[in-house]
Amino acid sequence: MIHEIQEGYVKIDHDHGITSLEFYHPQSNALPGKLLHELAQEIHIAGLDPKTKVIILRSAGDRAFCAGAAFEELESIQTESEGTKFFSGFAEVINAMRKCPKFIIGRIQGKCVGGGVGLAAAVDYCIAWEKVEIRLSELALGIGPFVIGPAVERKIGISAFSQLAIDATLWRNADWAKKKGLFAEVHESIENMDHSINRLALSLAHSNPDAMKEMKKSFWKGTEHWDELLHEKAAISGKLVLGDYTKEAIARFRKARETQKTKAPA
Amino acid sequence: MIHEIQEGYVKIDHDHGITSLEFYHPQSNALPGKLLHELAQEIHIAGLDPKTKVIILRSAGDRAFCAGAAFEELESIQTESEGTKFFSGFAEVINAMRKCPKFIIGRIQGKCVGGGVGLAAAVDYCIAWEKVEIRLSELALGIGPFVIGPAVERKIGISAFSQLAIDATLWRNADWAKKKGLFAEVHESIENMDHSINRLALSLAHSNPDAMKEMKKSFWKGTEHWDELLHEKAAISGKLVLGDYTKEAIARFRKARETQKTKAPA
Amino acid sequence: MIHEIQEGYVKIDHDHGITSLEFYHPQSNALPGKLLHELAQEIHIAGLDPKTKVIILRSAGDRAFCAGAAFEELESIQTESEGTKFFSGFAEVINAMRKCPKFIIGRIQGKCVGGGVGLAAAVDYCIAWEKVEIRLSELALGIGPFVIGPAVERKIGISAFSQLAIDATLWRNADWAKKKGLFAEVHESIENMDHSINRLALSLAHSNPDAMKEMKKSFWKGTEHWDELLHEKAAISGKLVLGDYTKEAIARFRKARETQKTKAPA
């Protein structure tokens, strides 16, 4: 089943208790609001479906897992409420993931930027390729990693989270992400990565759903206020994004991205 | 002084302010309820004894530090209240350790499984041999690491704890456990490990007991509700353990263990 | 601008939005109460000054970043209230750092002991030289790392913090401190370290101050009670320091330090 939205999609596959959710967007899997909403919905549905025992979250292509928020939308924001709504997209997905009573395995085959790091942090078990790099570039855009902050801090702690957030132009490699706890496993080939994901998913598909549900609940204990918290965080970004700082930063960033595109594919 | 219980024991030694508590059970130091109760009692007594300045928690033999809960008892559980009582055994020991006003050094000379990982997490300073491996196999038994969860998460964080708990069949080595913070030190030989344990114990035996008492209190701040919390957690396991999933898993696990025994000692 | 106090100083430099605060004391940059108070004041002032975009905290010389509390003062304490006041010095600086709405980069060019580790933990981004070693020697003095505890635990977690605090005579190297999250970066030469500090400071000096203010607030969320908490902690140390244990330990420590001085500079 494929839901095509604008230029991207969310694709759902069921296989022996394993539900794969794959998202795609031509711009390095950057996610516009509609795709984020669609993704949150599908996670919610898979959580309710008794045939789903475990979920794999993945993205299409081999370059970027997720480049964060969609630039076109970011640039078009004119009011605080539009801004808040825009940044609520990742909040909705992260909240769907934490409330889903099933384990979500993340398949990280490419770069994670901004919101993409948030998704990797919000899965329950993250398996990545060793060439993957991550970055929280929000501050370079005049904003900050507010909405995804609680999910990232929960997984890697305040020290590693603030390192990523403060030095917003530095890429950190998969080894760093593994040491800090973002990735549970890092594999030297895509093949090995997929092998390990399948092994774990199969094992969980045959495990006790009641036990997994209780484990999921206990792992996410203390995050019951995140529906409100992440919305408040979205409002912070929604306000900052209207400042001149961000307008100029987005223009600079966009230009650099386009120059890079002409030179060589990143 | 030795308290023999069924087939195992808890042995207590005092030496110049250092109290060693050694437990033993013929089945890879898996702990039945009575031994857990005895161990909790002895930790409590050592905590009150002015002659005890520091405690070393150790187990007998050179294969397993502790294989977790005793299988015979696990299999015999018929009601939720029996289940809750069974799983409360590790809760009692962990609570005795956290409330003990003295530092507890863990001597980890062999494998830690399930509740054994919980004991390693609940000591204040853990020194291990480099060949040690650890595993939280609860989910493979249809249950989950609920009772020991708070102690493990406190020590190694939610990321590492959930990695261990979700991939329930994977052994993690001592290096992993050290990186994640479960072990403070890892030594290449049992001799070096014991040398380091003795050095630290001796140093603490000559340190200010009032300062250590205040430090212990501050390290465990925020766990005041664990008497109730761990009991609630025991009730979750106590309920899950009655399901068909667990009955079958225990039978499979037991068979595998017995087959392994016939082949070669693990 | 230099404020000379007794034998030490706090020096302030402004350069294109970057404010450097340098402290110095002839005794391995151990900090007496007056210097701590001065440092807290200057952090507060820089936080308010619109010309300051980012702060660098550094110390003079190339041996010790900060050896902790000043021994002369420690020895002269006669009452609990004097003790509490003395230990409140680091509390004041840590509280000034956490409440400062600007990012503070720590430049760690030498050993950190006791309170010095607390300062390194309370900066927002710590860049160190690879030969640096750290130690929490409080317990060896009959006291404990109470005042700095919350800052250190927040940054490196309860496991690493308790390791440092319990084994009070063991030096841990910069690699350990980086792995545990105390240092964000470790460089093989002072030159590279300074290059990296300048790069980051320059980048932050051109970043959105409103975004950084919100990020700082979110990083330190949950520490709003530290004004009281750290004062309570100071009272614990203030009481312990009057015991015979500490008196003797200080005498021993002082003697060892003086012997070491005669032999070779540490």
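Read from first to last, the chains carry the letters A, B and C; within each, the first residue is number 1.
The working rule: a residue touches a chain if its C-beta (ideal position, glycine included) is under 8 Å from a C-beta of that chain, and two chains touch if they have at least 3 such contacts.
On a predicted model such as this, the values are computed, not experimentally measured, just so you know.
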| item | value |
| --- | --- |
| Graph class of chain-chain contacts, one of line, ring, star, complete, other | complete |
| Shared interface numbering between chain B and chain A [over half = same, under half = different] | different |
| Rigid-body rotation angle, chain C and chain B, from Cα fit (steps of 5°) | 120 |
| Rounded Å distance, chain A centre to chain B centre (Cα mean) | 36 |
| For chain B, residues that touch 2 or more chains besides their own | 157, 179 |
| Residues on chain A engaged by chain C in the complex (per definition of touch) | 138-140, 142-146, 149, 157-163, 165-169, 179-180, 233, 236, 240, 243, 245-246, 249 |
| Contact footprint of chain C on chain B as seen in their complex | 103, 124-125, 154-157, 179, 181-182, 184, 200, 203-204, 207-208, 210-212, 214-215, 218-219 |
